[in-house]
Amino acid sequence: MRFASDNAGPVHPAVMDALVQANQGWALPYGNEDITERACARVRDVFEAPEAAVYFVATGTAANALALATLTRPFDAIFCTPEAHIEEDECNAPEFYTGGAKLTLVDSHHGLMRADALTSAIGKLGSLHGPQPGAVSITQVTERGTLYTLDQIAELARIAHNANMPLHLDGARFANACSVLGCTAAEMSWKAGVDAVSFGGTKNGLMGVEAVILFNPEKAWQFELRRKRGGHLFSKKRFLAAQMDAYLTDGLWLDMAAQANAAAAKLTAGLKQIDRVRFDHAPQANMLYVSFPRADHQRLHNDGAQYDCKGTLDGPPDEMIGARLVCDWSMPDHLIQQFLDHFDG
Amino acid sequence: MRFASDNAGPVHPAVMDALVQANQGWALPYGNEDITERACARVRDVFEAPEAAVYFVATGTAANALALATLTRPFDAIFCTPEAHIEEDECNAPEFYTGGAKLTLVDSHHGLMRADALTSAIGKLGSLHGPQPGAVSITQVTERGTLYTLDQIAELARIAHNANMPLHLDGARFANACSVLGCTAAEMSWKAGVDAVSFGGTKNGLMGVEAVILFNPEKAWQFELRRKRGGHLFSKKRFLAAQMDAYLTDGLWLDMAAQANAAAAKLTAGLKQIDRVRFDHAPQANMLYVSFPRADHQRLHNDGAQYDCKGTLDGPPDEMIGARLVCDWSMPDHLIQQFLDHFDG
Amino acid sequence: MRFASDNAGPVHPAVMDALVQANQGWALPYGNEDITERACARVRDVFEAPEAAVYFVATGTAANALALATLTRPFDAIFCTPEAHIEEDECNAPEFYTGGAKLTLVDSHHGLMRADALTSAIGKLGSLHGPQPGAVSITQVTERGTLYTLDQIAELARIAHNANMPLHLDGARFANACSVLGCTAAEMSWKAGVDAVSFGGTKNGLMGVEAVILFNPEKAWQFELRRKRGGHLFSKKRFLAAQMDAYLTDGLWLDMAAQANAAAAKLTAGLKQIDRVRFDHAPQANMLYVSFPRADHQRLHNDGAQYDCKGTLDGPPDEMIGARLVCDWSMPDHLIQQFLDHFDG
Amino acid sequence: MRFASDNAGPVHPAVMDALVQANQGWALPYGNEDITERACARVRDVFEAPEAAVYFVATGTAANALALATLTRPFDAIFCTPEAHIEEDECNAPEFYTGGAKLTLVDSHHGLMRADALTSAIGKLGSLHGPQPGAVSITQVTERGTLYTLDQIAELARIAHNANMPLHLDGARFANACSVLGCTAAEMSWKAGVDAVSFGGTKNGLMGVEAVILFNPEKAWQFELRRKRGGHLFSKKRFLAAQMDAYLTDGLWLDMAAQANAAAAKLTAGLKQIDRVRFDHAPQANMLYVSFPRADHQRLHNDGAQYDCKGTLDGPPDEMIGARLVCDWSMPDHLIQQFLDHFDG
């Protein structure tokens, strides 16, 4: 019962095939070959952004940190929520790559940045003694499994742009969000005012690739240099590109996302039948935040269930303890059923 | 009517004399002379800390940033309040000097860090994916004009030490606090568990000197190199040292602080007589946070009063608007009276 | 005729198989699985270093920069040759990761750091005004295709250690060197006084993996945090580990290196028969630095030969122009012959 | 006999007077007062640069590092000589402030950067794998006591500009150079193609002030933020400005420089009479590099002479050992005579 993360499942067979294909023969290093060119073109097509600058890196932290470093200056503030991956889970990578910019936290509601709180936080800047307006960064799907509507994104973009700041979108689960919202990649990004996207693949069936997309390519040359300086330019870049190429072929990216979302929906439906399960945030994509009694956690644990448990297993059996449950594209029905069955115990 | 800041008044005549004295003749640069040696010895004496490492720099931002950089690592979190000078007024200097450590905000009450909130904030760390425990930094007098008791400092120190973190004290107004609490410098620092102090002089009658005191000198050599690397090693260091030497001679530092505090007390007493003045924080040293109607602000402004006004002068005359009023050692009675007189208008 | 680089050939089939194998099913992310454990154990075995800390990253620049950042401090000097990859080809990554340490260049002879020049360069340090002794970094195989003997490495290690500095070895072509010298990995590293190795795989048949080995694991925890902070911790780490696992199974790493070296030897032997070819450095592993007339370059170029040419193709046909020719494990005889045949033209 | 440095003598009385004057009464902090405005205007006047951005900091290292950080990007190379103060004596401050730019050394002759070597060093850049063209930095008076002619500066500026790089001039001894060359400040800076100057005062009779002058003010706002972030914005800025104001009043800066140069000329003339004294570089301003037998060093040392001696006092009495001798504005004739007299011994 593997609900710990969507980065723990297997790579999709079509992606593995693409890697094997990419290995035929010899190719110039550092992206001077066909596969990289083709994969970049596919990203531009999917995003309907023929002018966009597109770069591949192997981790989400690299994608976010390099994108933010390209967009901001060391004496800036970057606005994000307290739950943001860039704040909580990147061990100060944004501070490192930006040369010391400050992450300024903006109040959120179920993981969604509040527009009024952003306006208020921006309003506090202004003096030469404090940081300057740098960028706003939001995450879609949020770190609490919720979704911004396109209008909400557009509103945050307006606020950011009014303060002369670009809007960055951490899209580690971009595909899952697109699939739920039924919108295009363009609609969820530049058409809503997003200036740069970390377009995730690793949590959705790739071996390890994220694309950074800068819709305004003006600073793109800087990204290239920062990527090299960060040790993120792969000599055998074709093996990053091949994954992204397969991902965007025949809608594989959306198919996998739909499978993950469907699995999470099934899990949600099952857990809603169980009285003692509380939903801490309304799940909208492939990630659930629920609480249930410790006794259930113990039972699940003894049976080898893997997921992020927010408390210790020792203590009063009735105490409610949180859990994060994540489904990826490969989650089979029987594991969901097996998980649910434990609540009959 | 000069209430804008305690860094706007004149340098004390005894300090100017010391500078003139220090200018007699020739001296080896970079602190290899008597005055620096004597001034360091005085700091160690006043703090009853014969082993402490003592360094002089010219600004409070340099003192704080260098102290924190010496105490932490780039992948660490530094805990401070939302109002902390290091968070609000140093334009990312701590992030710069530490190489990208993260300032993690801890809830405060009237500018004072809450012990329970610190415990809770520390509890959220722990994963290798997020920042590591680095240091706790508090300010005494706080940025809201309030004071920690010695017990409160000791409690925060215990919490920090239990998490293997040192406690740094931003003492830009250290003297003002000592004077009010009637305690020794040692009692308000290492005896209460403080590991490093930025001991301010600039806001209390010096031209521009702060001492950084590391009670555990183990990492002191690192401070020296970081100071040089930051461009804060003065070749003519005797002119920093001479100021600190005069400051700590015959209790001048405490005398000036007492004068500043007395002036603020007089201003407080006067404002308490005025019904429409609200105290936003209970003033305990030389800094007042009050609110009063815009009409009064307008009258004061027209008469040339200088202070930090938290709103605009245009708008409804009855609206309450905040003000920060600060007194330094040189504040004469007649200016306080002049300020108060405006409320008779 | 693909002589541009040893990072342009295909991944070895056994490595591709290992990736496919690693993709069976589900595994905890971030290295909490069997394959990572097994691959680390193999590295320790091959290096006869049961206590060593072992980390996998995807690029050589990341390996070098993270290793050096772990070994040094921002106010330090790192000694290397003018040709060092860390100096010439990493776009300031070492400066970035170390927080601003200085690369101090030491004279070299055919790419080999001169011991007397290292002694002299170290002797210039000492003042608090300049950088402090940080680390010495050498490359084996050097960037000029030459090799240090074990004694030469040991001598540089002694000089470094006498100045309290560790010795880092950039082993992007470690396997090629081991194969030529006929020594063990341990003999070419810790037994010769090397403290940390960037053990390359990418240039020798892997898709993209380098191991960083710290023989003294004292600072290993720091490496982990710096790697995460640099965005180099892979969630699906098993796919890095699987490559290294295959690499060190049944001597594949040495077999591939031997093939590459043999191909280069064949090319060398052929070129030595040609009077107008000059050897700029004596090739010792899989990389040749030769010069020959422009007319030959033109002929090769017209036939699609790919290699690093040190001049322009336009100009006097007799002018001698340099070339760097590199062979990887997959270089077939017929391409070498095809290259040589052009000199009959 | 104080020949150790020109930062060891007294502050000029007119400067002390200006400080006392500046201390009359109260002034808004951070430069919002008359003295700062007046001093900036004087700098612009002296440099005939009405549009220039002018900033005051307290140390030369801060001036250089902040200027270079404003002019370059972290992935850049900064070209300087091996003897440059920024390379040898600033403990990696340029690397720190620039966020990791690389100091790339250009061959020099008697401390003067060679134009051909600069051209050649620039020519080696170009790849995305290495650093990009950032800035060229030269020092006038050089660190070896020699001077660039105006034509030589103009030639280096042309080379820099052709590569799209600005030229920075470290003018710690700018006044001494101007005085010798008999040129204006404008001629030795922007009229010769210099884009930014660190205009020194500390080594020439001030307590501790350097002005940074950016002739193109486009990036000036960045300088302000970087200065604050570096902890180099003085709250009581009037005390920096007052020194510079006095310095540029009635030609004091040139008078003091002329005195220092004259003292050095006298010392030079005396030493030239002594056969066993060798001039290592031809002294052109206020700094001499000479060598003489150890026996003379011993005699001077025993009599308390202070200067930078390049060797140890123990050893064969006839061995030639280098010395750096520096004169400041306050050097009296009798000390020069006293120094020379030791060679009669």
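As written, the chains take the letters A, B, C and D, and residue 1 is the first residue of each chain.
Operating definition for what follows: a contact is a pair of C-beta atoms (placed from the backbone, for glycine too) under 8 Å apart; a residue touches a chain by one contact, two chains touch by 3 or more.
What you see is a predicted model; the values in this text were computed from it and never measured.
Q: Would you say C-D or B-D is joined by more C-beta pairs in contact?
A: B-D
Q: Select the chain at the greatest separation from chain B, using centres from the mean of Cα atoms.
A: Centre of mass proxy via C-alpha means gives C as farthest from chain B.
Q: Taking the mean of the C-alpha atoms as each chain's centre, how many Å separate chain B from chain C?
A: About 51 Å, centre to centre.
Q: What is the distance, in whole Å, between the centres of chain B and chain D, each centre taken as the mean of its C-alpha atoms?
A: 34
Q: Compute the distance, rounded to whole Å, between the mean C-alpha positions of chain C and chain D.
A: 41
Q: Mind pulling the residue numbers of chain C that touch at least two other chains?
A: 74-75, 90-92, 96, 99-100, 128-129, 132, 225, 228-229
Q: In the complex of these two chains, what residues of chain D are touching chain B?
A: So the residues of chain D in touch with chain B come to 2, 4-5, 7-11, 16, 19-20, 23-29, 57-63, 65-66, 90-93, 96-97, 202-203, 207-208, 225, 228-236, 239, 306, 330.
Q: Okay, in this complex, where on chain B does chain A touch?
A: Residues of chain B touching chain A: 74-76, 88-92, 95-96, 99-103, 105, 127-132.
Q: State the interface residues of chain B toward chain C in the complex, per the touch definition above.
A: 30, 73-75, 99-100, 128-129, 132, 222, 224-226, 228-229
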